[in-house]
Amino acid sequence: MSNESVETTNERSARRKRPVVVLGATGAVGQRFLQLLTDHPWFEVSALAASEQSAGRPFSEACRWGLPGEIPPGIADRVVRTLDPEDVRREIPGSCPIAFSALPAAVAREVESRFAQAGYAVVSNVSAYRYEPDVPLVIPEVNPEHLLLIDRERARRSWPGFIVTNPNCTTAGIALAVKPLDEAFTIERVFAATLQAVSGAGYPGVASLDALGNVVPYIDGEEEKIERETRLLLGRITDGARTEAELLVSAQAHRVPVIDGHTVSLSLQFERRPSPAEAIDVLSGFRGSETVRGLPSAPDPPIIVRHEADRPQPRLDRDAGGGMAISVGRVRTCPLLDLRMVVVSHNTVRGAAGASLLNAELLVAEGWIV
Amino acid sequence: MSNESVETTNERSARRKRPVVVLGATGAVGQRFLQLLTDHPWFEVSALAASEQSAGRPFSEACRWGLPGEIPPGIADRVVRTLDPEDVRREIPGSCPIAFSALPAAVAREVESRFAQAGYAVVSNVSAYRYEPDVPLVIPEVNPEHLLLIDRERARRSWPGFIVTNPNCTTAGIALAVKPLDEAFTIERVFAATLQAVSGAGYPGVASLDALGNVVPYIDGEEEKIERETRLLLGRITDGARTEAELLVSAQAHRVPVIDGHTVSLSLQFERRPSPAEAIDVLSGFRGSETVRGLPSAPDPPIIVRHEADRPQPRLDRDAGGGMAISVGRVRTCPLLDLRMVVVSHNTVRGAAGASLLNAELLVAEGWIV
Amino acid sequence: MSNESVETTNERSARRKRPVVVLGATGAVGQRFLQLLTDHPWFEVSALAASEQSAGRPFSEACRWGLPGEIPPGIADRVVRTLDPEDVRREIPGSCPIAFSALPAAVAREVESRFAQAGYAVVSNVSAYRYEPDVPLVIPEVNPEHLLLIDRERARRSWPGFIVTNPNCTTAGIALAVKPLDEAFTIERVFAATLQAVSGAGYPGVASLDALGNVVPYIDGEEEKIERETRLLLGRITDGARTEAELLVSAQAHRVPVIDGHTVSLSLQFERRPSPAEAIDVLSGFRGSETVRGLPSAPDPPIIVRHEADRPQPRLDRDAGGGMAISVGRVRTCPLLDLRMVVVSHNTVRGAAGASLLNAELLVAEGWIV
Amino acid sequence: MSNESVETTNERSARRKRPVVVLGATGAVGQRFLQLLTDHPWFEVSALAASEQSAGRPFSEACRWGLPGEIPPGIADRVVRTLDPEDVRREIPGSCPIAFSALPAAVAREVESRFAQAGYAVVSNVSAYRYEPDVPLVIPEVNPEHLLLIDRERARRSWPGFIVTNPNCTTAGIALAVKPLDEAFTIERVFAATLQAVSGAGYPGVASLDALGNVVPYIDGEEEKIERETRLLLGRITDGARTEAELLVSAQAHRVPVIDGHTVSLSLQFERRPSPAEAIDVLSGFRGSETVRGLPSAPDPPIIVRHEADRPQPRLDRDAGGGMAISVGRVRTCPLLDLRMVVVSHNTVRGAAGASLLNAELLVAEGWIV
């Protein structure tokens, strides 16, 4: 896609904002969606949907708002709809509307397919369809070409709409850090030890008795997700089908007493071993495709390399690029594999709602949503 | 040494307690020494020594006591001595007295040698002499035979006394967990990601602005210490000299907002790959030598295997065995190496003052201190 | 009661331990009961009872043990009983058995009366019966004579057993600190600002997103409890009936990111204004009655006065006297009322399970349990 | 001053930005000054000054930047000047330049007077001159008329420049909350229990061993500052002199494990007792003078009233109004005095650098700085 066409898309988008619905709007990630969508240049929250116990009530009553700052303007008094596309459609006219999904795991599979069947572009932060071979799992800077799977998805499932997913909160940072190095040196092995913030578990989520002054060296299903999703994200599309990358990933997940911001210590092995300086050059120079760079929520640069001895740190670096940039530091050799480094990313922005939002912007820019 | 002789030693020790001096008594580790030595069956604190600014004052005035509970009985009013063996000797009569060292790095090298030269058995928690080829670096359950280096140390340095060291706070837990597995399956590679408590940095140590709700992925010199000391502790004594173990160690150190208790995620590769069940059997069955098991501060067992999905955790497990046992859990296979597991140990007990104390008990039990 | 008779009671108690049941044994306070009852000289846990979903299963399966250290010996394999006195009675033979209650509020009222009706001495940490005019609310060092209400309770309710309660976790520290000052100078007004630990809310209790790096200036019902219970505890028994103390209490409750240990800043006004030195003398000299001093769980002294500028602190002082002593410091004048001071007490020991335990010991020592 | 003239002032200010120097630029408050001055419509950082050990080095080398985000543009490479007005003057031309002071207490008294003598308008966050009878202590919304003291200050000290101060971080929130209530109902007594964030102590400041999972019920000099400054801020100017307000204030200060945001629980007594609803009306309606409302850093409204049962909280409310608004909640009656309420304010914005900045804006708007 040429630079020109992107600008044209942007211009077109500016003319009218696309209506979107947030599914699971009252939860922790749902709230983050609403926050990030405030004053968005392309999208406008036109409907909120949530479970039966919230539906029918004004948002401000149905939701225990847990982010700093107030409920965004225009949201508090909006009545929450049920998770039924027909009910939502009353508030969202027009073709190919967008549904952001922050649904609880228990209902996501059924509800998301319902909306895809009703013609929605479902841009999901949930794991329900992440591992389906015909559903794209995408980070715009990493594997935008995986959107091609949508054709296969629609064909196979006979959906007028479709589902596109983003990775879990921790994988988001890992895959984005590894991608440029993989392009340059071909990644073979990844060790990842994670130190994860409590906001990743939602609300009420982690009990304070478990979190305060403590480490819990276990997060249910997390290690498997990281290992699998990293291979999927770095995989290739051939003849419209996706092949997993052939790399070994070992993840060790820990919960630490941090509100926001996941820290990951990586050790990496490549086909061609780079020096730390070469890796730093590649990371610093990474920009993603021209199309992606033009998206409203795309950070520039997506990867910030820190040169201080003790950075990145979640408190200082999670909000880089509005929470959409990841920070990489301590790039150094490893006695076992080739290189070690530390990655910090914002788990509920780049790792959740912001990831879906960027995916939606890419879908618009590439014409999947018209 | 037969079981009988240990008991005889114990009996002999019980008759009269050996006087000990704590060097650097007013600091964080010094205080832990005093706490652990309270009512010790073999040792009695007979002198306290610290820097010029503390010397000459009653301990309670010179020290900002920072442990829960009161200053142990008999200590508060004792006048702190200078770091001069002659000054200390006035309070400790008799031959081969014991000096526990919790000295600051800046002065440790000179002061410890001064005490060794004055005939003291210096049992040190400090790194000053840890890497000298003729100074034992010992964990009683791991490499008690390294005490044989004392002969070489004395001969080479012409000291009537000697220095014996224990590893840094994090290595203590790693080496103890790896030792029985090394014996059974021969360790080749170690990946260690650490989540370390702030008490390891002493007082005032880590600033609260760095610690609260944050991760600092860097501790000065820590990774090098872990990598080197693990190889030394698993090394062999041949012809009175020590050979480092030939294994690769990669350590990634992180400071987390925990008061006490280091968590380490390990991934291990062996010459003969064990199943998780085999590794658990070996870890659960490990007891250390008969001599060591008879020592007053030796935990029984030294390694506690946890079977819960989310254990060990510092809050729940750091005090196991009075802080001298380590807890190992989540023993499972690794996609890259052979096995993964999580270790929690108390960094200022098993990882510092308790480590020196156990070394001193071993020195007595084996007749190095008469 | 003479000193002699106490000793005789102690001796008698030592001959055989009394069987006790813990109601609500699987919860946070229930676990603390089990921990404090381990090796108790007078009591022995003979039965565990909990809700239907726990009953019938071994304790180790029914309970997510959340205290440092293991489940006490002999408890893990014991099958949990229902909250039915008949079911429990199968494991507890004999007359006037003791039931410690750590029941959830929703069921406490009904279950406790059921056990009292079945002849049990119900020693309760729950608020269900705390405000009944005929049910004693007791801290042994503060108002042991309130046990006389038991006669009225039994008569009025026709129960062969009875219920005795202790105050809520925060009031426990306040009332104990204020009592000796009230005796000496007659208290009139109390300002109490509390900084309360999260363990007071049980498990899972406070969400980590609310607790980490935050203050929540509200705890449901807490301020009212403190204000009311302080007046009750300092009240008098006349002709077998209790009169509330005539004093004004204003409490402001805050939740802070502390695991264990409540801090309370008090400002007090008296009929006769004492100097700080006079108040310190009274607090330091306080011992409680002879009977109470002889109880196995009674700390000696119950009030520890700290003289450092920055004490007491929960981290350093909560475990004083095994968690049963309170620490008072910063005794100084107040520009508005007479005196200010800071109190730290262990909220789940002195403030919960330990409070009930001490009440049960007093009931035995005074012959209410035979 | 009419609305028109303010706008005129704004327009004039917009034409050229006034050059300012930050004294003590490398410290925690100094950094916050630089952050708040980024893109300020009226002011431009033209010089940085700090102690001898920083002077002569580029800011990025002299300073350990501790705020989230990068060093503001144009600051990193600027060479730090000494605390000598002549040295600074080289970078700041023109008359009546502005010096923001974040100096350490030890040197503030001498250095600030040196700059006032050299003709600077010293707008200080430091306590050095706060209690001088001829130096204004000002919060623009509370007592803007106290700036009249400048005439007396200049006359008495023969300074071409002057010093204006703002209150300590905790008093800032208290005085702002109390002011409108004082105007409406005449305040007589104030009880204040504070729960203060660690950033108030600067860097390294509070040791993590003191802060983590703990409360320290003492902050050196804090209670006296709150008690005295509240009386000064609510005092009156008569015949060019300031009279302290006649009210009784009792403050109890606590440090809690929070990074930013002070929480204060107030209990207040008035000459005319308001109902909670009346107090809420007054607080909600408060706007400060027209002049103040027009200042670039003035929040609108300055006081946000929260109606949720558990608000305000530092995590959720400290950033209200860009950190310049305070949040008040839990307005309710008090059993001892008249009303209780909870105030949260950002201690390093409204309580420090932002307070000085707003004072400087007021000085410009009122023509004290020309």
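In order of appearance the chains are A, B, C and D, and numbering begins at 1 in each one.
By our rule, a residue touches a chain if its C-beta (ideal position, glycine included) is under 8 Å from a C-beta of that chain, and two chains touch if they have at least 3 such contacts.
What you see is a predicted model, and the numbers here were worked out from it, not measured in a lab.
Comparing the contact residues of subunit A and subunit D by number shows a mostly shared set, over half of all numbers used being common to the two copies. Simply put, of C-D and B-C, more C-beta pairs touch at C-D. Relative to subunit D, the most remote chain by averaged C-alpha coordinates is B.
Just one of A-C, C-D or B-D has an interface built like that of A-B, with over half of its contact pairs in common by residue number: C-D. Chain geometry summary: the mean Cα position of subunit B and that of subunit D are 49 Å apart.
With each centre defined as the average position of its C-alpha atoms, the distance from subunit B to subunit C rounds to 40 Å. The centroid of the Cα atoms in subunit C and the matching centroid in subunit D are 44 Å apart. Among the residues of subunit B, those touching two or more other chains are numbered 66, 210, 212-213, 257-259, 315-316. Arrangement of the chains shown, judged by which pairs touch: all-to-all, with no pair of chains left without contact. Within the complex, the subunit A residues that touch subunit D are 66-69, 212-213, 259, 315-320. Subunit A contributes residues 189, 191, 193, 195, 210, 213-218, 220, 227, 248-250, 252, 254, 256-259, 263, 265, 267, 309-316, 329-330, 334-337, 340, 342 to its touches with subunit B in the complex. Taken together, the subunit C residues at the contact with subunit A in this complex read 28, 66, 198-199, 203-213, 257-259.
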